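One structure is given below, encoded as structure tokens.
Each chain carries a letter (A, B, C and D) given by its place in the written order, and its residues are counted from 1.
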Amino acid sequence: MTGATATLLLSCPDQQGLVAKIANFIYANGGNIIHADHHTDFSADLFLSRIEWQLDGFNLPRDIIDRAFAAVGKPLNASWELHFSDERQRLAIWVTKQDHCLLDLLWRQQAKELPAEIPLIMSNHPDLGAIAQQFGIDFYHIPVTKATKAEAEAQQLELLRQYEIDVVVLAKYMQVVSPEFIAQFPKIINIHHSFLPAFPGARPYHRAYERGVKIIGATAHYVTPDLDEGPIIEQDVARVSHRDLTADLIRKGKDLERMVLARAVRSHLQHRVLAYNNRTVVFS
Amino acid sequence: MTGATATLLLSCPDQQGLVAKIANFIYANGGNIIHADHHTDFSADLFLSRIEWQLDGFNLPRDIIDRAFAAVGKPLNASWELHFSDERQRLAIWVTKQDHCLLDLLWRQQAKELPAEIPLIMSNHPDLGAIAQQFGIDFYHIPVTKATKAEAEAQQLELLRQYEIDVVVLAKYMQVVSPEFIAQFPKIINIHHSFLPAFPGARPYHRAYERGVKIIGATAHYVTPDLDEGPIIEQDVARVSHRDLTADLIRKGKDLERMVLARAVRSHLQHRVLAYNNRTVVFS
Amino acid sequence: MTGATATLLLSCPDQQGLVAKIANFIYANGGNIIHADHHTDFSADLFLSRIEWQLDGFNLPRDIIDRAFAAVGKPLNASWELHFSDERQRLAIWVTKQDHCLLDLLWRQQAKELPAEIPLIMSNHPDLGAIAQQFGIDFYHIPVTKATKAEAEAQQLELLRQYEIDVVVLAKYMQVVSPEFIAQFPKIINIHHSFLPAFPGARPYHRAYERGVKIIGATAHYVTPDLDEGPIIEQDVARVSHRDLTADLIRKGKDLERMVLARAVRSHLQHRVLAYNNRTVVFS
Amino acid sequence: MTGATATLLLSCPDQQGLVAKIANFIYANGGNIIHADHHTDFSADLFLSRIEWQLDGFNLPRDIIDRAFAAVGKPLNASWELHFSDERQRLAIWVTKQDHCLLDLLWRQQAKELPAEIPLIMSNHPDLGAIAQQFGIDFYHIPVTKATKAEAEAQQLELLRQYEIDVVVLAKYMQVVSPEFIAQFPKIINIHHSFLPAFPGARPYHRAYERGVKIIGATAHYVTPDLDEGPIIEQDVARVSHRDLTADLIRKGKDLERMVLARAVRSHLQHRVLAYNNRTVVFS
């Protein structure tokens, strides 16, 4: 099971013959499927699929696969993405002052758990610049105030273009990204420190403590203009008790946050996530 | 570790010497402590404690223990409850049409997991009368409409008095209990079919599906006049995926509901739960 | 998404074009796939697949589908099973004295969580006959001793034939089933009260307590001649602490056992489980 | 709740009056208890207790508390430890080549989650020296072969003495520590990459894959001369599926390992763990 693979991530209106047509395209061109998973959402009348096959032995050069597949996909009114496993995505991490999610992502990238390059770290505070330096990653400190937000976002967009960033990960970036920004760069993953939809917004651990919950959580989701309302990619929880003060919730939550964010980012980078109707399919 | 035990469940303003004073009272009267657990909530300046000791060899007759302890507890401005393990509480179960929590509680009572007698089942629908009959438990069908609610609650209260009920368990009772009722009978445990504070109110599984959460939950709490806002006793969760339709969430949720409710009821019956400031200490 | 479905559960040596060939068979005959999941075990060079499609509109009468598919499956050296969702399987439950798994399965069958008929309960003790009677299910008490084991198993096999049983569920049946029996009736699911491979054999909760583990578990598996060594279908765990005595482990374990067994039986009845090389694929 | 605290960790044969006597000692000397938790193991006839109180206002100077308490503890045949929260323990981390547990512990120490100093990292391989340097911690590379083991252990013991180490954490140290070493330095915490007692010894993830388990785990325990048989402090698990190859088990296991080890080390450093009879009480 060596060599590069192609991954097709597709959605289209449900109809007969979808699996056959897609599989035939790959088979007819000499491809060997190594992962195929499909899902039909009957209430949305939508078929969603992820197929991965070996490029070794595949008859089509990789630069024409997309065009060739259009002959199958267009008549189905499908939307699709095509990715190659050896073309690593470029990921930017945005942070504020907390370092646990940042460090965790950087370790995992070094440990080859995340198939991505991380050329850019951006923060509205200077504090984490030393970590960026230590990992040899460019760091930009772009303060954001109400008055400078539009300007700051323009600068951020320019950086994303310049560094050819594919996906932004908000790893405890404690600023709201504007709808205008999202319209121009929609691939943003955020980690929220609560079990959404419980405790959206600020200070979720304090509110969890006050509410007296017995379990806390964290949620990774795509960012949309509605704060903390985007499609959920991954969630996890931890048990707490009356012994746990707010500080303990924060401490336990940090572990949740980095695990949940890492799993979401990895699924995204492996092209396992399809978002639609404010929800996600995560192919396992 | 045989024989009956006494359990003291106490809360009072925090001050020095509390553990010593309480333990001395038991030791001085020949008691052997088999469980002692304390908690201090510093933000509330409150000390909470559960102490259980063997009655065998204890010098005070059980009917004067409470009065005797007042000499310790009153100067501390303490509130306390005293319970004896061989005096089983009397529990009423209220249901509507769903039987899973009811059956689960009845099985557990038969399996001796719940130290209680269950002499009364009450429902606003007649459907579950057959189960009550099969277990030999009196069943009352009291329909509740807007117009008859006050009258129905009066009848319910009268039944609780008549059957000498200590605690009511709402085991999927799909009616709101009025503040007036709660004022007169405050020991009510409810199971809510969501991970509160997410999805309070009606149709939580439908809303969980729509929100696209990756984890669902259930919450057992004491009932207060604020719907689904009472002190949480126990919560648990289960993972779901895009494969799970609302019907699957409901099915998986049923297992959560009966587990969570059973644990909460058991903790309550073992006098392990102290509620204060809309939260609980659950001594393990 | 109404109407009966056909489910094909297939395994064959891995090769190119498998998904295409199978999907084409269904598409060419007018079938609409509602669930398709595939897995390739590269170390075993094995392709495993579950495909479910609507019979409504399918061009082949159901009694010739299997023969028709042979034209696809045989050249692939495939093994396959074909099932129809409206042909409910017949399940026998074997018990000894403990009732929790039995009651749980019966309740789930009544709640329509288990697509099966349960016409037969068999036990080596008479204790649970009353439950069988209450649910209107035939009950056979077949004592098993070393001396009578062969005879008892012959009687058991005869009952399975007579009741046309498809699958046997050992729901806390505390007897070892002989290799000879398994050879004649291999579809047997067992629940073991430990997190296998920890604590195989007798008294796992006592041994878990002695070892001082912080988590206990339960395991559902297919029965093979090697005791507690069969392919695992499902496992789950629960946290325990120093507060938990062996009796508490047993009590908590009972909840694990019934949950794990129910999930495994449901997966099996939905034809989601493929066993090979002493392991399973469980299609979700 | 500020200021330093004293923590008494005590075990003694069970008898009447234990809580009273210990609490009286603290109360009589003006101490304010902020945490008190007791456990009685009736099968071992053993009482175990952890009491923490504020030193601010306590009448005894800290250097005579231990001697003073002997007047209480000795008549009870108690064993006890006395610790002060502002006297940080000194922790040595031993590693081989894998860095995930090491990095995790170092990050937590920097984040003030671990009340300890970490002056020493020791390894049988040179690979992780760079990390030690980066965190400004002394690193010793001591190769261990069969022939040099005794000599290496002598050198290790000398380092522990020299650095005044209180506890050694084996953070993926892939060497067996000899009984002789343990006899001289018994405070050693190990992380084993399986859910003990399943898969003791080498290559647990490979064996877990082969056995086809649906859940993997990790176990932190005190080291004893019997390999992987010491008292368990903490365990946790993660769900796996047929999609997960051995490499995935290893990857998921790394997260388990660092979480479980960190929790165990933190509990130990907070003096919450009492080991007896090859098991532990972990006061929460």
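The rule is simple: a residue touches a chain if its C-beta (ideal position, glycine included) is under 8 Å from a C-beta of that chain, and two chains touch if they have at least 3 such contacts.
Only a predicted model underlies this, so the values are computations on that prediction, with no experimental measurement involved.
Note on connectivity: the fewest steps through touching chains from chain B to chain D is 1.
Taking the mean of C-alpha positions as each chain's centre, the chain lying farthest from the centre of chain B is A. Chain geometry summary: the mean Cα position of chain B and that of chain C are 37 Å apart. Centroids built from CA atoms put chain B at 42 Å from chain A. With touch defined as above, residues shared between interfaces to two or more other chains in chain C number as follows: 241, 243, 284. If you check the complex, the residues on chain C that touch chain A are 1, 16-21, 23-24, 26-28, 30-38, 40, 42, 239, 284.
Here chain A touches chain B in the complex through residues 39, 41, 43, 195-199, 211-215, 217, 231-237, 241-243, 245, 278-282, 284, going by the rule given at the top.
Interface of chain B with chain C (complex): residues 100, 103, 107, 111, 113, 134, 241, 243, 251, 254-255, 259, 284.
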